[in-house]
Amino acid sequence: MEYFIQLFMSGTVKGSIYALIALGYAMVYGIIQLINFAHGEIYMIGAFTALIIGATMASAGVPTGLVLVVALISAMVWAAAYGVTLEKIAYKPLRNSPRLSALISAIGMSIFLQNYVLLAQTSNFVPYPNWVPQFAFLEDIKGILNSNQFFILLTTAVVMVLFTLMIRYTKMGKAMRATAQDKAMAQLVGINVNQVISVTFVLGSVTAALGGVLICSYMGQINYYIGFIAGIKAFVAAVLGGIGSIPGAVLGSFVLGWTESLGAGYLSSDYEDAFAFVILIIILLVRPSGLLGKKEIKKV
Amino acid sequence: MHNIDWKKELKQSTLAALWFIFLTFPLMVMKVAIIQGQATITWRWYNVPVVAVTFFILSFVWRYMLERRNFTQKKESKDILGKLLAQPKYSRPAIIALAVFLLAFPFAFSMYQTNVMISVLIYIILGLGLNIVVGYGGLLHLGYAAFYAMGAYSYGLFFTYMGPKFIEWGINTGLMFWIAIPAAAILSLVFGFIVCLPVIRLRGDYLAIVTLAFGEITRMFLQNEGQITLGPSGVSQIPRPWLLGMKITPVFAAKYVYFIALVLVIISIKVVKNLEDSKIGRAWEAMRDDDIAAQSMGIDLTRAKLASFAVGALWAGFAGVLLAAKTTFINPESFTLWESIIILCVVVLGGMGSIPGVIVGSVLMIMLPEYFRSFAEYRMLIFGLALVLMMIFRQGGIIPRKRKQHTFEVEGEGAVK
Amino acid sequence: MKKLTVILLTIVVALALTLTGCQKGSKTIKIGVGGAHTGDLASYGLPTVNAVQLVAEEINANGGIDGKMIEVVVEDDQCKPEIATNTASKLVGEGVVAVIGHICSGATKAALGIYKDSDILTVSPSATNPDLCDGTYPNFFRTIASDSAQAETEVAFMKTMGLKKVAVLHDKGDYGKGFAELVQANAPAAGIEVVLFEGITPGGVDYSAIINKVANSGAEALVWGGYHPEASKLVTQMKNKGMSIPFLSDDGVKDQTFIDVAGEFAEGVYATGPIDTSTNALYKKAAADHLAKYGEEPGAFFYNAYAAMLAVCNAIDKADSTEYAAMRDALTSNYVDTTLGSISFDNSGEAIGVGFVVYQVKNGKYVEVK
Amino acid sequence: MKPILDVKDMSMVFGGLRAVDKVNIHIDKGEIVALIGPNGAGKTTFFNCITGVYTPTEGEILISRSDNSGDQKKINGLKPNVINNMGLARTFQNIRLFSSMTVLENVMIGRHHALKSSILGSIFRVKSTREEEERLIHESYGILKKIGLEKFVNEQAQNLPYGAQRRLEIARAMATDPFLLLLDEPAAGMNPQETRELVDTINFIRDEENITILLIEHDMSLVMTLSERIYVVDYGQLIAEGAPEEIKANPDVIKAYLGE
């Protein structure tokens, strides 16, 4: 039983990690129906920025707590800036083009950003400082849940709640929902669609950066390539939940996390990713629009 | 395009330059290094003016290009070369020159050049195959490398398990290549059919992710089931194709495989062209244009999709066997998601649905990285950027699709063109 | 269009003439270097280039081999098998008599398909896969011990530690899984039970599930087959979970970068690595030359590559020929002083005089365990 | 005598919305029947149910190619292509031509079902396939000629004038050899001249080609001159049925059109 709880918790943590990245995918897809392949790179750039700013401050003797806060904020600021610039350059000129063109553009950006960081920084793995405070009350159960994992869970929960509130109650949230449903209509009723899209990219990038910093702190290392695999997994999670749906992305992430952890724990980690993909295929066969995705009605 | 407001343009470019200085500051100006386990930062202030000037200029170019794109989009592009080549007076010598060039290639150039050319030919076959799925069928396929692997492993494993028997029976193992070519094609076709069967009702991006999943599962199987597939260490010593029982040296093998690949490419082009002009080709075209209308006109979408998946997979089977024969070694690392993406890029970059496009796409994707090794570090950076720019400024690809259209001449008998 | 045709034909003819004209009668001895020189594995391949060039410069400065200068031809394979065949054919086309490389076992196998049939001597500084020396490639030699020697060293060491049950994880790659399987195969003979044997996916965001599984398996130690990035993730997560069983690994982890990245969590980690020859005079000279020329410490496999190049040049010198058979003969029948000590090669291609020992991280440095 | 199309108590529910509510309609061989009603009354949804784009939630749809009672077939939930092969063809309210194809090719797509050649035959382009293709082109040209579109034969479909595009949809539908043709607002966007030509075309199709016609239309003068019977729907329900004169005088219909 304790083993099950351990696996379940590790699945939950993994799910939270995926959720932080998957949110951005789901939001962007919801608004402009684009698989933002470069989203994983935004996550990586956010984490790198935090490392650089944090290392600068730490070597100047700034206290750790302050380093964490400033590093996190700068990660989010720059990730958001990259997200918005990415949209302006690579996606906006393609808004009325076939979907495949935008997807290839996204793949191109993903390759570009990876190599940009590789050239501007380094191809080696770089140690990542653990900025997360260590909680004393978790000391006894750290085999099940340690401070980093706890912090990731907490952050994901807070982000989820904030997002739900934002989408449901703020003016921007309503504008986002309207744009997701019908872009032309939203424009007609006076919604600034360009602005909504920018905000979507900002929010997606900010959560990705947050995820990047926390996950790198947890794993203790970073390199230019970390975004690719994490991005693919988060993308799978978003599709699993019903791409475009924010609660769906969260649910999909947890389903993915649990499947991988329990599959690795009870069966074999050789096929850890395969379990994730098999679950994906089964769910899509039963529900072709994902767990919480809306069934589309063909318009004739 | 007239009346450039210089003041406004200058302001915009300045703003762009400032924005990019801010954007690239942490990554371009600061550099993290680990010395004695301690992260330290080196400052590279000299990058600031570089970034500023670069983006100040690029901003101009960008806006000019975007405007030009919007301006010229409506007009038909002046395809002078295409028009010239359409006339038999010019097309015949061009075709003869090309044929001479292709036939003379392995004799005129070194083994290395020939091997690179074989890679190009393999990618042309892959591109033509994926083009059936993506270009004609309009189905986004992100797991094509799985079928490529299927082809390569059919030959590789056939050799692993049956090779000793062949030696025992005194039969040249090189003959296995000629058995593997049709066998792998059929296996890939069947595999494509089976994979496609359950997922056919998924649409768009859902289909993409499921094909991606199938591709990855296939690779994991190859990696993990070492007892069957020889695992990550791969299959080595795969025999070169048989030719009248001769002992084949690498130099000769390169020429030989080149010609096999060339023949396969020519057959592929011919077959794909025939398919395009046929009943099933028109059904694909209709399905891509408007699936509901196509279905209402009596086209069975399930069958059309199945056909495009299965026929597409078949070419991957051929390509796989060629790869195995060329490298004599295969392992799962050659069939990753990246491989699928590269093949997709060949198709989209060259021009979706366009056969000459796929050819040019393969040549560029394989030859440029191979010959531009001196730019090795910037190669992938430029490649990524090129994909983005191509999509924005030349959406149809390098050679956009130009389908042969059925027309009807009323004069006389009504000759079919 | 007519112009275009003419241009095309001219190019063909011109290329044909230049390419057939320049092959014969070269006065130099060409030695090829193949390996990963770009991409994410470049850090494993570039030191070999430096080593070969240093040796070549020194020999050329002393008048070459029997008056013939050495010319180094460098080609990149990015560690990818399909590119490695192109690389190999380019080197063969250039007329090299021997190749130092390649770096990765997979790429090496693909390239050997061409070298073997072209009778070109190949000496790898780093390809450790046991299959390479099983007799299928008589032209293949290496200056690094094979993974089987490494696994034997590891298992023997585990026996002296008194371990009874171990968990073995690997990265599903050629190198990592190969090593892990050899450990698994050797363990029973040493009275050690492998209670868990599984692969993990490199690049994952969380390994806590598999660590729980290791903890639950009752293993007294964790053996890792693979490279250092995953190793440092594993030790970090283990220690954060309060697990303190020993962590043993291979020479993919015996790298200063591992200690840099894993930091305090690296303390106590065991890893096998080539015998330390840093007191050897040639070793010191090579290190000093590298520092003088490139301004930094040499990277991975530098000394192995240096030794490989010395061995090849010595073989050419002894054989007085660049014929394959004579060179091979000279290589297997003579001892040569190298950065790795005095070495020779047996008939299967393994170097005699190289081997593995176990190191442990102590105070941020790998120290040999005596 | 059995009707060739018999719709019994058919309903289509989207979420909570009953777009079509227990509708009963029957059509006899050789009729021209119109289905009218205000915007959003559920007419196109009705078409979509019959042609298989949607699967109706309740009710039955029966068709029979001849008026023998023996070969009535239920077509609920069949795929559009199957229904099309059984002899029902349609046009679309918002023209759905294959815009990148020529006019001729659009009609060739309609003949898809009549082609026998296999994939292998196509790949190797055997003689029978080539002959079939040749025949196909001639047949398709023949259909265009009947509808009076032969002068556009080699044009790109999207470059045609609006009225011609609508007629091309009809030609394409006719190419599938239907016994019942469903026209969704065939006169929408046409000028009076084009509309007059359309009336002739529809009558020609019925009289010369023996194809029964069910049409949705807003142009009342067209409906009144063409159709023999009219069904009126409002809010998904059938509110009236009868000859044009009866419908004109029906108070429910007037109320539905003019509002309360």
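Letters A, B, C and D name the chains as they come in the text, with residue numbers starting at 1 for each one.
Heads up, the rule we're going with is that contacts are C-beta pairs under 8 Å (C-beta built on N, C-alpha and C of every residue); 3 or more make two chains touch, one makes a residue touch a chain.
Here the structure is a predicted model, which means the values were calculated and not measured.
Chemist: Figure out the least number of contact steps between chain C and chain D, where 1 means they touch directly.
Modeler: Tracing touching chains, the least step count from chain C to chain D comes to 2.
Chemist: When contacts are scored as defined above, which chain pair ends up with more C-beta pairs, A-C or A-B?
Modeler: Between the chain pairs A-C and A-B, A-B carries more contacts.
Chemist: Using CA atom means as chain centres, which chain is nearest the centre of all the protein shown?
Modeler: Smallest offset from the overall C-alpha mean is found for B.
Chemist: Rounded to the nearest whole Å, what is the centre-to-centre distance of chain A and chain C, using the mean of the C-alpha atoms as each centre?
Modeler: Taking the average C-alpha coordinate of chain A and of chain C, the gap between them is 37 Å.
Chemist: How many angstrom between the C-alpha centroids of chain B and chain A?
Modeler: Their C-alpha centroids are separated by 29 Å.
Chemist: At what distance in angstrom does the C-alpha mean of chain D lie from that of chain B?
Modeler: 42
Chemist: Just give me the whole-number Å value for how far the CA centre of chain B lies from that of chain C.
Modeler: The answer is 32 Å.
Chemist: Which positions in chain B touch two or more other chains at once?
Modeler: Residues 34, 37, 224, 292, 377.
Chemist: Can you pull out the residues of chain D that are in contact with at least two other chains?
Modeler: Those would be 53, 92.
Chemist: When you check chain A against every other chain, which residues touch at least two of them?
Modeler: 124, 126-127, 270, 273, 298, 300
Chemist: Using the touch definition up top, name the residues of chain B that touch chain D in the complex.
Modeler: 271, 274-275, 277-283, 285-286, 289-290, 292-301, 307, 311, 403, 405-408, 410, 414, 416
Chemist: Taking the touch rule as given, give the residues of chain A at its contact with chain C in the complex, in rising order.
Modeler: Answer in residue numbers: 3, 6-7, 10-11, 13-14, 17-18, 123-127, 142-143, 146, 148-149, 215, 218-221, 223, 225-226, 228-230, 233, 260-262, 264-265, 268-270, 272-273.
Chemist: For a test of understanding, state which residues of chain C touch chain A in their complex under the given definition.
Modeler: Residue list for chain C touching chain A: 40, 42-43, 172, 198-201, 203-206, 208-210, 212-213, 215-216, 228-229, 232-233, 236-237, 240-243, 257, 260-263, 265.
Chemist: Which residues of chain B touch chain C once you look at their complex with the stated criterion?
Modeler: Chain B reaches chain C through residues 34, 37, 84-85, 90, 93-94, 97-98, 100-101, 104, 107-112, 114-116, 119, 223-224, 226, 231-234, 236-238, 248-251, 253-254, 323, 326-331, 333-334, 370, 373, 376-377, 379.
Chemist: What residues of chain C sit close enough to touch chain B in their complex?
Modeler: By the definition above, chain C touches chain B via 1-2, 4-5, 8-9, 12, 15-16, 19, 37-38, 76, 80-82, 84-86, 89-90, 92-93, 105-106, 109-110, 112-114, 117-118, 129, 131, 136, 172-174, 177-178, 181, 199, 259-261, 263, 364.
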